[in-house]
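Chain naming follows the written order as A, B, C and D, and within any one chain the residues start at number 1.
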Amino acid sequence: MSDAKGRVLLAYSGGLDTSCILAWLIEQGYEVYAFMADVGQEEDFEAAQKKALAVGAKKFFLENVYLLGTSLARPVIARGMIAVAEREGCDFVSHGCTGKGNDQVRFELAFYGLKPDIKVIAPWRIPEFYHRFAGRQALLAYAAEKQIPVQQTAAKPWSTDENLFHISYEAGILEDPDITPPADMWKLTTSIEEAPTTPERISIEFKAGLPVKVTNGAQTYTDAVDIFNALNTLGRKHGIGRIDIVENRFIGVKSRGCYESPGATILRAAHVDLEGLTLDRNVRSLRDQFVTVELSRILYNGHFFTPEREFITSAIPASQRTVNGLVRLKLYKGNVVVEGRSSEEGLYDEQQSSMDELGGFEPSDTTGFIQIESIRIKKWAQANIRKGQAGVEPKDVYGTRI
Amino acid sequence: MSDAKGRVLLAYSGGLDTSCILAWLIEQGYEVYAFMADVGQEEDFEAAQKKALAVGAKKFFLENVYLLGTSLARPVIARGMIAVAEREGCDFVSHGCTGKGNDQVRFELAFYGLKPDIKVIAPWRIPEFYHRFAGRQALLAYAAEKQIPVQQTAAKPWSTDENLFHISYEAGILEDPDITPPADMWKLTTSIEEAPTTPERISIEFKAGLPVKVTNGAQTYTDAVDIFNALNTLGRKHGIGRIDIVENRFIGVKSRGCYESPGATILRAAHVDLEGLTLDRNVRSLRDQFVTVELSRILYNGHFFTPEREFITSAIPASQRTVNGLVRLKLYKGNVVVEGRSSEEGLYDEQQSSMDELGGFEPSDTTGFIQIESIRIKKWAQANIRKGQAGVEPKDVYGTRI
Amino acid sequence: MSDAKGRVLLAYSGGLDTSCILAWLIEQGYEVYAFMADVGQEEDFEAAQKKALAVGAKKFFLENVYLLGTSLARPVIARGMIAVAEREGCDFVSHGCTGKGNDQVRFELAFYGLKPDIKVIAPWRIPEFYHRFAGRQALLAYAAEKQIPVQQTAAKPWSTDENLFHISYEAGILEDPDITPPADMWKLTTSIEEAPTTPERISIEFKAGLPVKVTNGAQTYTDAVDIFNALNTLGRKHGIGRIDIVENRFIGVKSRGCYESPGATILRAAHVDLEGLTLDRNVRSLRDQFVTVELSRILYNGHFFTPEREFITSAIPASQRTVNGLVRLKLYKGNVVVEGRSSEEGLYDEQQSSMDELGGFEPSDTTGFIQIESIRIKKWAQANIRKGQAGVEPKDVYGTRI
Amino acid sequence: MSDAKGRVLLAYSGGLDTSCILAWLIEQGYEVYAFMADVGQEEDFEAAQKKALAVGAKKFFLENVYLLGTSLARPVIARGMIAVAEREGCDFVSHGCTGKGNDQVRFELAFYGLKPDIKVIAPWRIPEFYHRFAGRQALLAYAAEKQIPVQQTAAKPWSTDENLFHISYEAGILEDPDITPPADMWKLTTSIEEAPTTPERISIEFKAGLPVKVTNGAQTYTDAVDIFNALNTLGRKHGIGRIDIVENRFIGVKSRGCYESPGATILRAAHVDLEGLTLDRNVRSLRDQFVTVELSRILYNGHFFTPEREFITSAIPASQRTVNGLVRLKLYKGNVVVEGRSSEEGLYDEQQSSMDELGGFEPSDTTGFIQIESIRIKKWAQANIRKGQAGVEPKDVYGTRI
């Protein structure tokens, strides 16, 4: 009987790796259910389902969620898997992530944060598995043996992960950080050289920090997913949102990754700009140091279902209460140019800001402000002078170059 | 006798405002020396000297320093002024900054941080002055009365400040944040639409975080100022480094500013990228949170000659010890594209990073890592489940949209 | 007619200063209403009311609020004053704070944060006032002239401010930071030498971070104010909560202050201890860096009614969700000794913590954890060795002493 | 031949555990050298040496270093071990730390940070070892078999670690966080009840943040170790420096620990107090947020020989440049009471601080300061009023209790 060891819910992609893992798990005596998530990527889910069942999966589950970048997609997929695993009485969950990357951590910490007693099978960390399948040839041979259909196209010399938010590229030839990614690698965006020679102008409206309306000529988009899709289409067309960086995986290994995030890049430019107009200076500074830095680390490292994520995100709504308004953008050959922004919030006051007229306060008040601001600094300068240490020179810091 | 009230060293620009201030100070009974700093801006210093002396300045001083953005240029100029004021026995220093901006604060805190007993005359904060000269017409009338030559060109409807690092634009028509800056405002950079249609490729080499060599085809630049000038020329040509933002002045007023920083934008892109390859993850994260955020605030608010600046900058050398290597860039229509980077530092290890081979550690070690990482999270999840609060939903944070 | 200049609501204490200010404001042509807040201090409010009316106040308002330290009491009083000022149609608010302290800032920023167009009269910053009343003798003479009754007791050579949370002492002989405060200065607490020679044991129960029950032998207290009063009584008896520090006023002046906070010191010791047992490590660390540090600064500097305070406090509830349990304390001669703590939260797991038994995870997992944790460090050490910079010595930091 | 597997340098304590590990390593075929560090604890090193050699160690090394708390002692010992291991050609280093604690991590990360290719044997994480010696009885039986002498005193129901800085207690009966530690556990300090009934007064002088002189009546101490020893003696006598907390081990397990740090507690109180007088406000605040918080975490987690520790400590000297002066203390029954402090630094200015006289600036300047400080807050309040959200109530945060 095939399920002597218990029932496994496998995060399945339809590709060579997870198909081999599916077959291998069955071979090891598990009953396997396959789970796929539609997170906005371009994929033939029907074909994947057929393949999974053909390889031996007992059931196939497709979850439809629209969610963000790789780091955010993982906890969302994990939540779907735990829900299915509980409903279907699975004893294990499994995934095809390698033992060196971030995604294994993101998946498993999310599993444990939702169901602390779940058991995880990670074949790429099981010596028996990774020694047996050391290299693509071994996988292909196993696929042939198990009659797993393999796409005839040659494998690309890098690996990718795609969702609504972006696509990522890593591994293979990209592992040399001095190799320029080949032009045909970039899947989503037009190259900046080939992007249209005519700029396109759009506007985005935000309420409480969330985009609620995109206007492009006569067309408007108001549904959250429609907005994201429309911005993705525009960003792709104008070559917006490619990056190529060396990052630091959670396990402490430096790694080179390339990303295309067309819509998100436009959205972020607009959001950051509108915050300049509508967010109080001190709130913005605290939010940047606290929420932005810490939440990025938390999400990157896969700590979504944790008390610290719960704590940090609890502060977001208060930070976005005043982020209401409209940003006008020009899109052109990789550039997102803010051409103007407006808001009813009233934290910006043209008259007060004006250099040409009095407004809001007397210029002489500023004298008092500077006098008080300098009390502490004057004391320090007096002490320096008394000790012969006055005027700490910038060259102390940067050597003799300044 | 003209110097009954004492001797004033005035930060002089040659323009209408500081020329009128020069005349007004003399009228008030001061002896005035004029001070100008060459911080890399395009300016006719000789003409300015002639004008200052013609208006009545007793002496004229020109200091030549190559220095950075507006916020950094101010303390450098202030240091030059204090040196001249001490040498020449001036009782006062003076400047023509308005009572609403950042530059008055930057100048004066720097004066006080170097010479705590210096006295400052800031005419635009003296009611007698600002009520008398309320508007450009009053200044022009006064200039005519005092025979101050005025350039015949109409005043631009914005004000600018320029140095080696960048040029800034503010005030006038820019005070409406929804007005797109006119194409002819941008002085340094070609527009992205008119920039060359052919990309240009260069490389920048860094030692201990500082750029030491720029290579553009057969040309190389190794002197610090040459490097900056070469990158400025390239950035201007390719439309690189324009920004348009709403910022928060130190006095708490929101203000719209436009900037062109062509060379600095290229340099920053290269430096940030090389840090990805050569800087330890934890050092980078601490440096970002500590040095970057705090030093930006310190410089923006004019706290250069302060104990906190001394403290923060003392940590920079240790952070840059390993930032050695070469970055290859493509410049094209506003984009600075990193095409590759290399370093001898060795923090990046291709084999260890590789998804295709074992390297540096056993994949099974990661299982232990994840088990230990999840101890705390499992405890929290168990407590949640016991209290019926399991699986904190993202919708708690973002409402019902996710 | 006495109110030609408008109606002023004056923060009144009943003492010499604010009584003279009351008389002076009337003399200047204002109609004055007096406002007092009962924030838990020991005070004869009835006598103060009689005095205010006798000196010439048209109305007297007493607000009863139980609130916290000096820095928190100010915004609470300010809120009461603004409510009265709006209801009673006052054109101004006024206070008797000096021009050098923190309280003027706390009062006025709170006024402006609630009613941005309110006008403030701060006599101690009006040259006409502070030059006229330069010294206590001038105030006494004026009081005599205006028939303001003055208490016959000699003035203490320091000034105090008291509320439910604490009493503060500053100024006078305390301005020399090397003068030990005289034994008879301390008003609330028994000295540690004279405190009982027998310890007293109590317990405090917390729910969601708030104290909900204090048990002292057979007595229990559950009302928030009762709890605070009971802990104040215990702290006073056992000499708990005196401090003597040099602090930094918001205006940048260093200042010496002494404080007695008996109940608050007990409460804080218990709360901090219980968080050790019940709060997740990462939440605690982020809360400390974010909420604790920033909120302290915000409150100290009087920024209560600001967007940043609203933002920061929005994160508190999520941080305290799990802070439930009981702390047992011993109080003895200035010491608050935690003798034990318990909670149903379950983040602490005796078996898992135990050094004597296996629990929760395999010790061999830790090997993987350390291997992965050391990947980054090994790379750095290898680079150091290659460059001959291995083993950065502690003496680099502390000189030759280690 | 006994060293077929190679040579191991074992961190040896002389106790039951490491003696059994010594015998077991020999049994496994290793040649073992024993290493002990004198970090200031009370110990019979000669007896330990005899015992190690009797059990079979080929060599014995004693290193003499005076160093700090448990977390700091580990990297110091590790550095000594790596030096011996390199000199003596050891293939392995070994220690007797359990698989659940912090010390294993601190040892091993320090080993790897100094010598990244060193191999570590941690018997308590080797299943073969920890299953064989599951419990004290198995160890005792093995000791008998191997003729390892065992002290006849019954084992204490907790474990300890001691050095110059402090002693720590954990495990055993302490694992119940609600058990009050028995009076006879505390080894260093007199209980506060039994401490002298007469206070003792001392003074400590600091230069650049380091203690350089302790004066106790006619006695003075100026050598760093003498200072620490003298303060330890005083602290022990007066019952100073006991704490009992629930902490969070690096591996994420909550754990209860008790500590006695008599001298360090006195030193810290004096140092913190002197910083109030001599350290600029902004430097102190940045140092607290950056150096204190981050360095504590780094040291606690054993990341001493890492790039981030190197980075953080590089900022310490600049922060301590002005910390010069004298602090007078009263020691009494667990209390360290600051009675006065003085310094020549001059950042504190009695006249400027004084509430009774003008000094350094005009009170009317403060009006300008407050006006400018309130610009931003008034704008926010106006927006709130316009939106009907004025006066965010404290009850929003704390519920209805305030």
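The rule we apply is simple: a contact is a pair of C-beta atoms (placed from the backbone, for glycine too) under 8 Å apart; a residue touches a chain by one contact, two chains touch by 3 or more.
Protein names from UniProt, one per chain: A, B, C, D = Argininosuccinate synthase.
Because the structure is predicted, anything quoted here is derived from the model rather than measured.
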| item | value |
| --- | --- |
| Lowest number of touching-chain links that must be crossed from chain A to chain C | 1 |
| Fraction-based call for chain C against chain B, same above half, different below | same |
| Distance between the centres, which are taken as Cα means, of chain D and chain A, whole angstrom | 39 |
| Length of the line joining the C-alpha centres of chain A and chain B, rounded to whole Å | 30 |
| Interface hub residues of chain A, defined as touching at least two other chains | 248, 251-253, 280-282, 289, 303, 306-307, 310, 314, 317, 322, 347, 349, 352, 360, 362, 364, 366-367, 369, 372-380, 382 |
| Topology of the chain contact graph, where touching chains are joined (line, ring, star, complete, other) | complete |
| In the complex, chain B residues that touch chain D | 248, 251-253, 280, 282-283, 286-287, 289-290, 294, 303, 306-308, 310-312, 314-315, 317-319, 322, 372-377 |
| Chain C - residues contacting chain D, complex | 67, 76, 79, 82, 98-101, 104-105, 108-109, 112-116, 122, 124-127, 130, 135, 159, 170-172, 175-180, 192-193, 199, 210, 224, 242, 244-248, 251-256, 273, 276-277, 281, 284-285, 288-289, 293, 297, 303, 305-307, 310, 313-314, 316-317, 328, 332-335, 337-342, 347-350, 352-356, 358, 360, 362-364, 366-367, 369-370, 373-374, 377-382, 385, 390-392, 394, 396-398, 401-402 |
| Chain D contact footprint on chain A (complex, rising order) | 280-282, 322, 345-347, 349, 352, 360-362, 364-369, 371-373, 375-376, 378-380, 382-383, 386 |
